[in-house]
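First comes the structure, then the notes that go with it.
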Amino acid sequence: MNNNNYFGTLFDGLRSLGTGLKTTMKEFFTKKITEQYPENRKELHISERFRGTLTMPHNEANEHQCIACGLCQNACPNGTIRVVSEMVETEDGKKKKQLVRYEYNLGSCIFCQLCTNACPHDAIAFSNEFENAVFDRSKLILTLNKPGSKVAAKKS
Amino acid sequence: MNQETLHIASAELLAKMKQLKEVEKMDYLRSLTGMDWGTPEENDTQETMRGLGVVYHLESTSTGKRICVKTSTLDREHPHLPSVCHLWKGAELPEREVYDFFGIIFTGHPDMRRLFLREDWVGFPFRKDNNPEAENPLRMTNEETIDTTYIYKEEANGTLSRTERKLFEDDEYVINIGPQHPATHGVLRFRASLVGEEINKIDVHCGYIHRGIEKMNESLTYPQTLALTDRLDYLSAMQSRHALCMCIEQAMGVEVSDRVKVIRTIMDELQRIDSHILFFACLCQDMGATTAFLYGFRDREKILDILEETCGGRLIINYNTIGGVQADLHPNFVKRVKELIPYLRKNIQEYHDIFTGNIIAQQRLKGTGVLSREDAIAFGATGGTGRASGWACDVRKRLPYAAYDRVDFKEIVYTEGDCFARYMVRLDEIEQSLRIIEQLIDNIPEGSIQEKMKPIIRLPEGSWYTAVESSRGEFGVYLESRGDKSPYRLHYRSTGLPLVAVVDSLTRGAKIADLIAIGGTLDYIVPDIDR
Amino acid sequence: MEVTKKPKIKSIPYEEFKDNETLEQLVKQLNEGGTNVVVGVLDDLIDWGRSNSLWPLTFATSCCGIEFMAVCAARYDIARFGFEITRNSPRQADVILVSGTITHKMAPVLRRLYEQMADPKYVIAVGGCAVSGGPFRKSYHVVQGVDEILPVDVYIPGCPPRPEAFLYGMMQLQRKVKVEKFFGGVNKTKKEGKEEQA
Amino acid sequence: MFDFSIVTNWIHEWLLSLMPEGWAIFVECVAVGIGIILLYALLAIILIFMERKVCAAFQCRLGPTRVGPWGTIQVICDVLKMLTKEIFTPKGVDKKLYNLAPYMILLASFLTFACLPVSKGLEVLDFNVGIFFLLAASSIGVVGILLAGWSSNNKFSIIGAMRSGAQIISYELSAGMAILTMVVLAGTMQISEMVSGQASGWLIFTGHIPALIAFVIYLIAGNAECNRGPFDLPEAESELTAGYHTEYSGMGFGFFYLAEYLNLFIVAAIAATVFLGGWMPLHIPGLDGFNTVMDYIPGFVWYFGKAFFVVFLMMWMRWSFPRLRIDQILALEWKYLVPISMVNLLLMAVIVTLGWHF
C-alpha cells in the first residue's frame, strides 16, 4: 500500500465520519417529532377513514338499518360476523326477518371492508375507535346492535 | 398477456427444456407452479391437463420472448418428474416447494426435502384429495433437525432409487441463526457452518410463517382472495393486490378507467418509496446505525399518513378492488403528496450523509456478497437485487401496465452486484418513484373509480399469469379457473424465494457480519417467501 | 384489606379503560386471603417498578412486527414508557409481544422462547392472527390464537393494530402488573394452572 | 480550591482518638468501600438515564417521560424490576464460572474506579505508578467477558466473547500508548501529581498537536474497550442476539449492564484526568478575574463536568456510526491506531525534549 492511499483513506474516512457527526448533532437540536399518546388523547387526530372497529350506527330513536339479510356474513372471508335473526310476523300479516343479535368478533376481523361493501343499506360502518385491548378474549366478541334497538322504518 | 403454451409429456420434458434453454435462450425461469389437475375423466379432450404436474413460465432476457410450459404425470402413488434445476438454478427451491405441497419427486434434484412444512407432516396439503387438518394436529414437540437429504434417480424400469447426501459433516461448527433472530427479518432460519468468523455453508429453512394462503384461496371467492394478498409482502401490499386485481380483470375482460390506472400507479409508487425507506432503515439497524433507522421511520410515517387518509389503513391497506379502487382519493391527497416530494428529497440527502457516505458503511458493503448477472438471471433474483447485478428486469419497463407506459422514469441499473450496489439501487429508485408521482399527481384524469361488477364474480375457464414490479421484484400471479366463483389454483410468484436461494452462494467465505449485510440488502420479506 | 385496588395510569382515567370487569375480578381473586399492610406496600413498590420497566422481546413474525417497529420509532416512541430496551435474548425480556401469525411450525419455537424467559413474564397477543388466527382462521397451518399455546395476558385486536393501540395494550398490561402480588407467589400458581389447561 | 484531605485527615484523627490504628484503618476501608459502591450505583443510574435521553435526542424522539418528572426515575424502576426478576442457571452451563463472571467484570471496574481523583484530596488509591495500575486493573474486565462467554454453553456467547477478547486486548495497546504519550508530557505516573501538574494548563492544551492526536486515539480505543458502538461487536444484536451475556437474566445481566456504563464512565474519567486536567478548573493565562471565578467552582464539579462531557462525546459517536466488522476493527487498530500512536509517542518525546510544549 502506498502512502498516498494510506493517508487518503484515513482522511476521507475521517471526513465521512465528521459528516455523520454533524448530521446527528443537527438532529440533536431539531424539534422532536414524537406524538405523546396518551397525553394527547383529547386532541389526537386520526384520519376519518381509518378502520378501527366495525360499528352499527343507531339513530336517536335507537334504530338501526340492518334487515338481517346476511350478505355481510357471506362476504366475510373468515367468519367474523354472525347474524342471528328470527322470523316475525308484521302487523299486516307478512313474515319478515328481524335482527336478534349482530355478533362481531373484533379479535379476528381483518378490516377488508367486504362486509360494508356488501351491505345494501349502509347499516354497518367502520369507526376510528382503536382502544380495544382487553384481558379476556371473549370480551372481543361484540354485539353491535344495542339492546332494545329495532330496525328503522323504510324511508319512502 | 397472451403467450404460447406448450404441453409436454414428462418423458420428453428434459430434452425439450434443454432445447428451450440453450437454443431459444430462455434463461429466466419466471415462475414454477405445482398443479393438481385431478384424475382423468371421460369427457376430457386432448387439451385437458390431468394428473399432478408443473407449470413453468419462461422468458428470454435477450429476445424478450415468453413461453409457458405445462407437464404432468398421472401416477398419484409415486409421482415423479425430472428436475430442471441444473438448467435454472432458481428452480431448486420451487421444486422443493412442489414436492412439499404435491408430493411430486423431482429426479436429479440435489436436495429433495420438504421446504415449508415440518419433516413429520403427513400428506401433501395441496392435492385436491388431501385434507391436511385431519392428519396434522398441532405438534408441540420440537422439530428435529435432520442433516441428511436424498437424491432420487429414475431407474430403467421406471422405479425410483435414492442416494443419501450429508448436508453438514459431523466435525463442522454449525450455528443456528433464527427463526427468532433479529438478523433474519422475521422468522427465517439459517443453519450456518462456520470456520472461525467465516461462513462455510448455509442451509436455509423456511416455512415458519407458511400460512397456506394459496390453499385457502381455493375455497374463497375472488373478492375474498384479495384480502390475503396484502398480507403476503406487507411492504408491497398495494402492488401485490394490484397484480391480483389485474389478473382477475384480465380474465374477465374488464378494462379499468384511466383514473383508476393513474391512482393505482401513484399508490404503487408511494408504497415502493415506503418500502425502500423501510429497507434503508432496517439495513441501518442491522448494521448498528440505530439512529439512521429512526430517521427512516420518521419519514416513512409521512407516507403512511397519506395512505391512511385515503385508504383507511397504514400497513394493510385494502385499497384495490376488482375493477377499481375502494374509495376515491381524499381531498387532501394531492396537496399532501406535493408536500411530501420536496420533504423526501431533502431527507434522502440526510440518509446519504449519515450512512451512504460513511466509511464504515462503505467498507462493509462494497465488495461483499457479489452476485453476478448470470447468477441473478439463473436464480431469477429480480427487483433491486437483479438490477444491482446489471440485469434490467423491471416489469414496469418490460411489460408496462397501469400508467407506466406514459411516464418517464429511468430504470436504475448498477453493474457491481455487491451489497452497496443493491443499497444504491433502492435509494436511487426512491428518486425515480418521486419523479413518476410528480408527473402524474397533477393530471389525474376524471372518471369512475369502480367498474360495475356482478355481485358474484365468476371467471371463465382458463389460466392467466400477470406480473407487476413489487417493491422487491417481479411479483407474479398465476390463476387457473374452472369457471367457479373461487379459483381452481392461485399461485403467487414469490419475490423473496429466489433471494433466499442466493444467500448460500453469496455468503460462502464471507463473515457472519456480512451475512447481516447481505440479508439486509437482499431485502426479502419472510411471509412473502412462505406464503 | 379492602378489594379496591385501582391501578392508575397517567392521562387515562380508570373508568375510560376497557375491560375493567376482568381486572376487578383478578384483584378480587388475588386478594382473597387478605394482605398484610407492609407486604402490600412492598408489593406496590415492586409492581410499580415492574410495570414501568417491561422490556419486550424482539419477536415478530409478520405484519404487526412492522407496526411494532413503528411504535419503537420516533413518532410514537415507546421509550416514553421506558419499554424501549428491546432485548434479543429471551432471558432478559419481560414481555413477549406475539406480533404476527403463529404457524404450526413456529408454535414449538415460540413455546420454547416463552419457557426460556425468566419470571415474571407476560404475553401480549397482538393483532388478529395472534388473537384468533385472524385472516388465516381457515388455514391448515396456523395456530388459532396463541392462547392455545401460551397464557396470554392482554389481547390487542387489529389487523394490524395502529401504534396507539399498541401503546394502549401496553398500558393495559401495566394495569394488570400493578394489581399483581409479588409475595406469596399467587400469580405464579395461577399461571401454571393456566398452562396445564392449555 | 478546597482540599478534601483536610476532611479526610480530620476523620482519620478522630478515629485514631477512639481506637487503635489497625481498627481505624479497617473502619476507613469499610466506609470508603461503601462510599464507592454508593457512588458507583448512583453514577450508573445517572449514566443510563443520560444515555437514554441523549440517544433519544439524537433520534428525534423524547426518551423516557412518563415515570417521574421528565422520566427521571425511570432507571430506578428498571433496577427494582431486575432485582426481583428470577435468576436462573440454564442447563449445561459451567455453574461456578457462570456465576463468577458478572462479579469479575464488576471487580475490574471497581478497582479502576478507586483510582479516580474525584477532587483534591479525594483519591482513594494514589501511588507512584497509579496510571500503570489503572491500565492493568481495567483490563481484568476482559476475563469476566471471556468467562461469561465460555461458561454459558451457547455458541453465540462464545463467538461474542472471542470477539471481545480479540478486540479489547488489541485496543488496550493504543489506549495505553495514548496515555503513555501524556505520561511523557506530564513526567509522572502518579495520578495526583499529574493532575496538580495541570494547574497552569490542561495537558491537552500544553501538549498541542500530539496531545490532541492522543486524545482522539484514546477516545476511539476507549469506546472499543467498553464494547460500545460502533465497536459493539461482542454483543452485536443483529448478529449474535446479545453476545456474551445472552444466557444471563435478572441481576446477572444487570451487572453486565451496569458495568458497561461504569466502564464508559471510567474511560471518560481517565480522559478527563489525563487530558483535561482532572479536577483542575479552567484557567486562561492573563484573565485573572475569570480564573478566580473558575476557582470557586468546587473540584468535583469540574471533574464530573469534564467526565460527563467526554461521556457525551462518546455517546455522540455511538449513536452516529454503523458497527464495524471484526476484520475492520482489527485493521483499524493494527494498521492505523497503533502506528499512529507510536509515531505520536515519538513526536511527543521529541517535543518534550526540545521543550516545544507550552
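The first chain written gets the first letter, and so on, giving A, B, C and D; residue counts start at 1 in each chain.
In this text, contacts are C-beta pairs under 8 Å (C-beta built on N, C-alpha and C of every residue); 3 or more make two chains touch, one makes a residue touch a chain.
Keep in mind the model is a prediction, meaning the values are calculated, not measured.
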Contact-pair count is greater, between A-B and A-D, for A-B
Chain A and chain D have mean C-alpha positions lying a whole-number Å distance apart equal to 50
Between chain A and chain B, the Cα-mean centres are separated in Å by 28
Distance between the CA centroids of chain C and chain D (whole Å) is 37
Here the gap between chain A and chain C, centre to centre from mean Cα coordinates and rounded to Å, is 21
Touching at least 2 other chains, the residues of chain A are 17, 20, 23-24, 27, 32-34, 36, 50, 77, 110-111
Residues of chain D that touch at least two other chains are 56, 58-62, 65, 237, 241, 319-321
Residues of chain C that touch at least two other chains are 10, 73-75, 77, 80, 88, 135-136, 138, 159, 162
Among line, ring, star, complete and other, the chain contact graph is complete
Per the touch rule above, chain B residues touching chain C in the complex are 116-118, 125, 132-133, 136, 138-143, 179-182, 186-187, 207-213, 215-216, 219, 227-228, 231, 234-235, 278, 282, 293-294, 297-298, 300-301, 304, 314-316, 526-527, 530
Per the touch rule above, chain C residues touching chain D in the complex are 10, 45-46, 48-50, 52-53, 73-75, 77, 79-82, 84-85, 87-89, 91-92, 94, 116, 118-120, 182
Per the touch rule above, chain B residues touching chain D in the complex are 173, 175-176, 181-183, 197, 284-292, 294-295, 298, 354-355, 358, 360-361, 363-364, 511-516
As the complex stands, chain C meets chain A at residues 9-12, 18-19, 22-23, 26, 74-77, 80, 128, 131-138, 145, 147, 152-159, 161-165, 167-169, 171-172, 176
Given the complex, residues on chain D that touch chain B span 55, 58-61, 155-156, 159, 163, 229-230, 232-233, 236-241, 319-328
